[in-house]
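Step one of this worksheet: look at the structure below.
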Amino acid sequence: MEKDTHTTKIEVRYAETDQMGVVYYSNHFVWFEVARTDFFRSRGLDYGRIEKEERIFLPVAEATCRYKLPVTYGNPVEVVTKLSEVGNSRLVFDYEIRQDGKTAATGSTRHAFVDERGRPVTMPDYIREGLKKAAFLSHP
Amino acid sequence: MEKDTHTTKIEVRYAETDQMGVVYYSNHFVWFEVARTDFFRSRGLDYGRIEKEERIFLPVAEATCRYKLPVTYGNPVEVVTKLSEVGNSRLVFDYEIRQDGKTAATGSTRHAFVDERGRPVTMPDYIREGLKKAAFLSHP
Amino acid sequence: MEKDTHTTKIEVRYAETDQMGVVYYSNHFVWFEVARTDFFRSRGLDYGRIEKEERIFLPVAEATCRYKLPVTYGNPVEVVTKLSEVGNSRLVFDYEIRQDGKTAATGSTRHAFVDERGRPVTMPDYIREGLKKAAFLSHP
Amino acid sequence: MEKDTHTTKIEVRYAETDQMGVVYYSNHFVWFEVARTDFFRSRGLDYGRIEKEERIFLPVAEATCRYKLPVTYGNPVEVVTKLSEVGNSRLVFDYEIRQDGKTAATGSTRHAFVDERGRPVTMPDYIREGLKKAAFLSHP
């Protein structure tokens, strides 16, 4: 695993399975969000507080997932998150979902910073700094 | 079916099943909400607009479901909704989920009208009237 | 709208919104599935029965969604589904989610027919015929 | 907290909030399930394996939740689970959902052990023993 990634462990929920006996495909995107929030947290950033205090939001502009192996109930998954692009007002995250040591899915989400009315805004410096600092630390 | 009820047809979603091969138990509560909104609509009331324009909300204070038969993917369910109590600032709804002509589950939700800060408020007259009128019309 | 598409109306559920006040991004994929099932139905094919009687499945191999406008609670969405690729054992569907006459999102899902053990299988003839017939009828 | 309870920490997911700005009411039942599975695990029992190896299931026969305070995104919740009844083929669990040191909700679920065809079966001894042992250990 690379140093500029963050890994989040998630227990598979019974609610997330479907009658095919595996995790239903939209739940991978929920896990991406959980992992993304956790990535922020690992860089000292609190996504919930950003929304509440800055009144800026980071909606998803595009999301993709490629499903390689079914994910099953019983063993936890690990989501490896990597920030692959940092623009002035956008971010791209890549994800890998692993279970039992194997890659079950890979995906990515693209985000744009917007204000309460949905208009694009420049990413606040402390967020950019938070992300950069982490990147610096992890690429010595 | 009684005249003061409203029936809502819902297609079962694959996403709602679990690995037991039947609909996961929390989804019944989502259906209750869909049926409740539809009950409002059938009385000429738009729950979304009530929230947006009046800034009053109707959160759930208590919810119960008794599961009698599994609900399966393939055939739609019908949710029969009945407004069983109307107080000054509260409502109680009873529900019956039917599939293939049989009762699959029954349940109820209790609600309190609150403002944006969660403080109890009296139900607006036009909502009470809307609900009463419907009851009058349906009991000739 | 083209003739080889199928349109499915879906009421937005309160459960599908998030604290940004709009529909949470993973729900678009649930709607894709609802629309896909409805597309099958419109061609005389019952996806649930295919699974149960043929013991073949159509899991998602890849899914993408591009979010253009937020979807809000209150008005229904329409999902326009188009079968864009038919292979020996795979299908690709394209989707457009519309609300209030505007395109809110577009997306696609790629599927492979597999047996109970997840091994690729050739698409049964009657499914291919069902899909072809529809295409023929709709391109006079 | 009593000794015969088990506490499960759960991060609130953005997906679980709704446009009222709080966690949507059906998600509490998903958390009950997560906490219940964790309760089993804390007693050395693996619910997933019970299903797979014994082919017995523990569907929910009745579920109730009383909502006292809204649960918000940002801080984790704790679900305190207590096994309140153990019958020959049934179990009742009580739950308390806590956030920021306060009780946000309480609830319960009643379950019956059934076989693959939904017929009631007697709870296997090792499950009963597992549950008893735990109770014994925790009430010295």
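A, B, C and D label the chains in the order they appear, each numbered from 1.
Following the convention adopted for this analysis, contacts are C-beta pairs under 8 Å (C-beta built on N, C-alpha and C of every residue); 3 or more make two chains touch, one makes a residue touch a chain.
Not measured: the values here are computed from a predicted model.
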{"item": "Same-interface partner of A-D, chosen from the options A-C, B-C or A-B, over half of the pairs matching", "value": "B-C"}
{"item": "Which of B-D and C-D has more C-beta contact pairs", "value": "B-D"}
{"item": "Averaged-CA centre spacing for the pair chain D and chain B, given as whole angstrom", "value": "25"}
{"item": "Chain centre separation (chain B, chain C; CA means) in Å", "value": "28"}
{"item": "Interchain centroid distance [CA atoms averaged], chain C/chain D, Å", "value": "35"}
{"item": "Residues of chain D whose C-beta touches two or more other chains", "value": "14-15, 19-20, 22, 26, 30, 33, 73"}
{"item": "Chain D partner contacts - residues on chain A that touch it in the complex", "value": "11, 13-15, 30, 33-34, 37, 46-49, 52, 73-74"}
{"item": "Residues of chain B that touch chain A when the two form their complex", "value": "14-15, 17-19, 21-22, 24, 26, 73"}
{"item": "Residues on chain C engaged by chain A in the complex (per definition of touch)", "value": "19-20, 22, 25-27, 29-30, 33, 51, 57, 59-67, 70, 118"}
